[in-house]
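In what comes next, chain A is part of two complexes: it sits with chain B in the first one and with chain C in the second one.
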Partner chain A sequence: MIPALQASNPIVRWSWFVDEWDQIQAALVQHLELTLLALGLGLLLSATLAAVALRYERGAPSITAGAAAFYTIPSVALFGLLVPYTGLSRATAVLPLAGYTLLILVTAIIDGFRSVPAEVREAASGMGMSSRRRLLTVELPLALPYVITGIRIATVSTVGLVTVAAIIGQGGLGRLILDGLRRTFWTPMTIGASLSILLALALDLLIYHAGAAATPWARRRRA
Partner chain B sequence: MTESAIRLLELTKLFDGAGEPAVTALTLDIPRGSIVALIGPSGCGKTTTLRMINRLIEPTSGRIEIDGEDASLRPVAELRRGIGYVIQEVGLFPHQTVHQNIGTVPRMLRWERARVDERVAELAGLVGLEPEQLGRYPDELSGGQQQRVGVARALAADPPVLLMDEPFGAVDPIVRARLQDELLALQERLRKTIVLVTHDIDEAVKVADRVAVLNVGGILEQYAPPDELLHAPASAFVEEFLGDDREIRRLALKRVGDLPFEQGPVLDIGRAPAEARALLDDARSEWIGLTSGGSFVGWAHRDHVEEAATLAALPRELPAAQVRASSTLREAMEVIMNSRTSVAVIDDGGRFGGIVTLEQIRSGLAGRDA
Partner chain C sequence: MIALPIAQAAVPRGIGLLEWLGDLDTWLGPDGILSSGLDTVTLCAAVMGTGILLALPPAALLAHLRRGELTATALVTLGRAVPTFAVAALLVPVALRRGWGFEPWPIFLALLLLALPPLYLNTYTAIRHVDQGTVDAARAMGFGERSILFRVEFALAISVVFTGIRVAAVQVVATEPIRAFLGGDGLGRYVRDGLGQNNETLIIGGALLIAALAATTSLVVTLLERVTVPHGVRRLRLQTASRRGSIG
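Up next is the complex of A and B:
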């Protein structure tokens, strides 16, 4: 299956890179879109589930257990399971990917809110703060460092997982890899994989810095 | 000023699932503009009582009146904004600067920005924070500084009532003493109604106008001014809680200026040695104190007085142990114990005011009120 390295089939043939730039760029954009959709949906679902878990403490273990169980389902099997319902659509790719972020994000959000010191909550209420205002101006900012760490991990793992979406025809960098495999041609494989890694690193760095800017008080703790 | 700002009437709190009430039929009148200390063993319901006053906990039965009005009938947010709350663990918002922390309630009240800034600066000065500390995060302050921020934050919207739950618990004794002094100075100016929870009987005695001693279950054992509490404990529990040295603690309550102190064997150095000899005989004293221009300059021994031509020429052998009229008797006793003269000289900014002896301190304690 893996092609041998030869002079005619080098790791990267740069002329291909230049010739196929349009295709590469499109794959990169698709990859980014799928990643962001999956993360956005995952974050939305996770916030809801975490809110329920925090509200009903007794429900929390089953919610995290559910997210963990989902995480164990192989992605290929999950795509196959969804195809009869959603066809070879974007939804078929995005839903499982979003599902895989739940375990990381739900636990991160729960941990974040649980990290808010009880006395900080008490001080806020004692000053006559409404619970809504307390949530938005006190609890959410204090939970943020945990949430950001969760988002970073979820992002990196989602960028990697998105490559698999190519098998249901959703494009992305995975398509380049598949293409290379089919034609036993190194260049697209190398480029697809490298760009996927670079994308993951770039997004991680971006979120890290955005998070640092949003949580200046945590600088000393981070250090 | 004996009108009560807060009245607790038969206040009882039984937590769900608890066998015994945490607070039992507690009735307490808290006079406006005074500091009341709640003291008692751990778990006796002090925090629970405070939290019922600002309705973080609802009582099982009984009533709280604030300014004569039933607190349970007032909107809770409005009620709490009129009550500054300093919690034991300080509870500053770690993600906000000192400035933002202090400005929390004014911002909630939608004050204009300039007014918030002005108020924050004013409060910082009031509690002794440096302007450059306002931009820091709570993590970047010492424990004592954090507690000041907690007090400033509670005072921000100028609430007439202040609830303080062990506000100086987290700092070392030296800083605690300073913060207590600052609280007293602040209270001189602000005249708030303050309910202060403490573990420390010395703190209660020092800062409070009245002390409520609670037993386990929030049962009120005694409610009295500090001096009365120390001098006449109402029950065996209070007596034991105060400890065997409670009379000594009373020394901290009285000031040198309260004593009927004497001039003592003290003369101006311009006077004749004969006068000094007569004075020494009268006082049956070994030593004579000398003043010059109204200031105390030292002690001279009687042996030298016999031979001296002028008092100014006398060798002054002992340095004076000095106290101020505003010193507590406890401080005066400390000074006297550490000096060879067994008297302390009252000196207020270079002016000699008289002398204090151990005997005077002892008889000062015997009288119930000085």
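Up next is the complex of A and C:
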């Protein structure tokens, strides 16, 4: 280690943070976009799979087992395997990321709808609700706390995994990390890693409060 | 040490996957699959060994004392959320300043953080869910607290503890390849080099190797469980699981 380099290489050089703000901001936006795309796609797939699992009870174990098996595929391997087909594109990052959310989201949605007491469902039907109206106005709100917890976990874990997508040139904040490592210049690396953790915490808090606002009865019960 | 200590695997371009995997040099060379794989396996084994030593004793003790329920609940969330890559990256300058070198301390600590939640959580939950009647019966028969913990609670819980070990081990093995992007080597090097050299054979071959190791890990831990868990306890656990819904 060259002493001069070491001395001029603090863990964070704040002037870099100010000078390169454009680059940091772009990485942050890209990180957020990838996270939201993956979560949106994951939520869509999970809702479908969970609906199938809830409708056909017997299929439920194989659906969760499939999601669990997918979760154990190493991310570096999956990104690598997709590169020949989808190139170094956004799809190569988003598809695996969405797949990794399935285990968390499918389980959460199934648990949520299973938590609705049978009496409540019967009462709703007895009041003359159609099954669609019962689903949307009774079952969904009651399942929501479980679903929101699932979305929080999926969000935090996706924000962390997006950094790994930098290896296929899509990583948002992960690109700053790789950049810093390549140049042995700690500032971008520290900033990229810290911001990705802060972003995860901020989104978690945001979804928590949005969920609390959407389910006021749950808060009252908690108090 | 200005540049990263990365030695790129020398692979001729335009070579097919089977040709690459069929070449003995690919496996036995100094940067070969066997030595890279051994690097990965050694690090993962060290992480798992440390993780088991750190997580199991406090989890078992707290579950026996029926304390710390909240910690366990909080860990469920944390377990799936550890950003290994970011944590390892933050640790690199720290490790260098302390003179520990580029590698493998940052990735070791980040992987350890990943392994601890499932290990702790499964041990805690398993022991906490051992039938209180069984524990009371053992106490009435004159078992001391230590005997109850080791010979009753832990013995009955061991199957679920193994589930935790399997989950943690697979996650650690599946995540270790990012080490190749943090200045190390290991089995992730082929994907890294393939991406760097725009060599699809290397990317796909490396990805398959990583996936195969993760699958093998799951299999090995399952076999280990078969050998370790007494037949009677396994049968008991299956009955309990089907009655209560699995907690693994």
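In this text, the second predicted complex is superposed on the first by the 212 of 223 C-alpha atoms of A that agree within 3 Å, B and C clash if a C-alpha of one lies under 4 Å from a C-alpha of the other, contacts with A are read in each partner's own complex, and residues count from 1 in each chain.
Keep in mind that, in the parts below, a contact is a pair of C-beta atoms (placed from the backbone, for glycine too) under 8 Å apart; a residue touches a chain by one contact, two chains touch by 3 or more.
Please read all numbers here as calculations on a predicted model, not as lab measurements.
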Checklist entry - Of the partners chain B and chain C, which touch A:Val156 in the superposed model: first, second, both, neither? => result second
Checklist entry - Of the partners chain B and chain C, which touch A:Ala77 in the superposed model: first, second, both, neither? => result second
Checklist entry - If you stack the two complexes on chain A, which partner ends up touching A:Leu178: first (chain B), second (chain C), both, or neither? => result second
Checklist entry - More chain A residues touched by chain B or by chain C? => result C
Item to check | First (chain B), second (chain C), both or neither touched by A:Ala200 | outcome: second
Checklist entry - Once the shared chain is lined up, is A:His209 touching chain B (first), chain C (second), both, or neither of them? => result neither
Checklist entry - Of the two partner chains, chain B (first) and chain C (second), which one does A:Arg114 touch, if any: first, second, both, or neither? => result neither
Checklist entry - Taking the two structures together, which residues of chain A meet both chain B and chain C? => result none
Next on the checklist: Show me the residue ranges of chain A that touch chain C in the complex, using the header's touch definition.
Outcome noted: 1-2, 5, 11, 72-81, 83-84, 104, 149, 152-153, 156-157, 159-161, 163-164, 167-168, 174, 177-178, 180-182, 184, 186, 189-190, 192-194, 196-197, 200
Checklist entry - What does chain A use to touch chain B in their complex? => result 117, 119-120, 122-130, 133, 138, 141-142, 215-218, 220-221
Checklist outcome for this item: In the complex, the residues of chain C that touch chain A are 1-4, 77, 80-87, 89-90, 92-93, 96, 170-171, 173-175, 177-178, 180-183, 188, 191-192, 194-195, 200, 203-204, 206-208, 210-211, 214-215, 218
Checklist entry - In the complex formed with chain A, which residues of chain B make contact? => result 54, 56, 76-81, 85, 87-96, 104-105, 108, 137, 139-140, 153
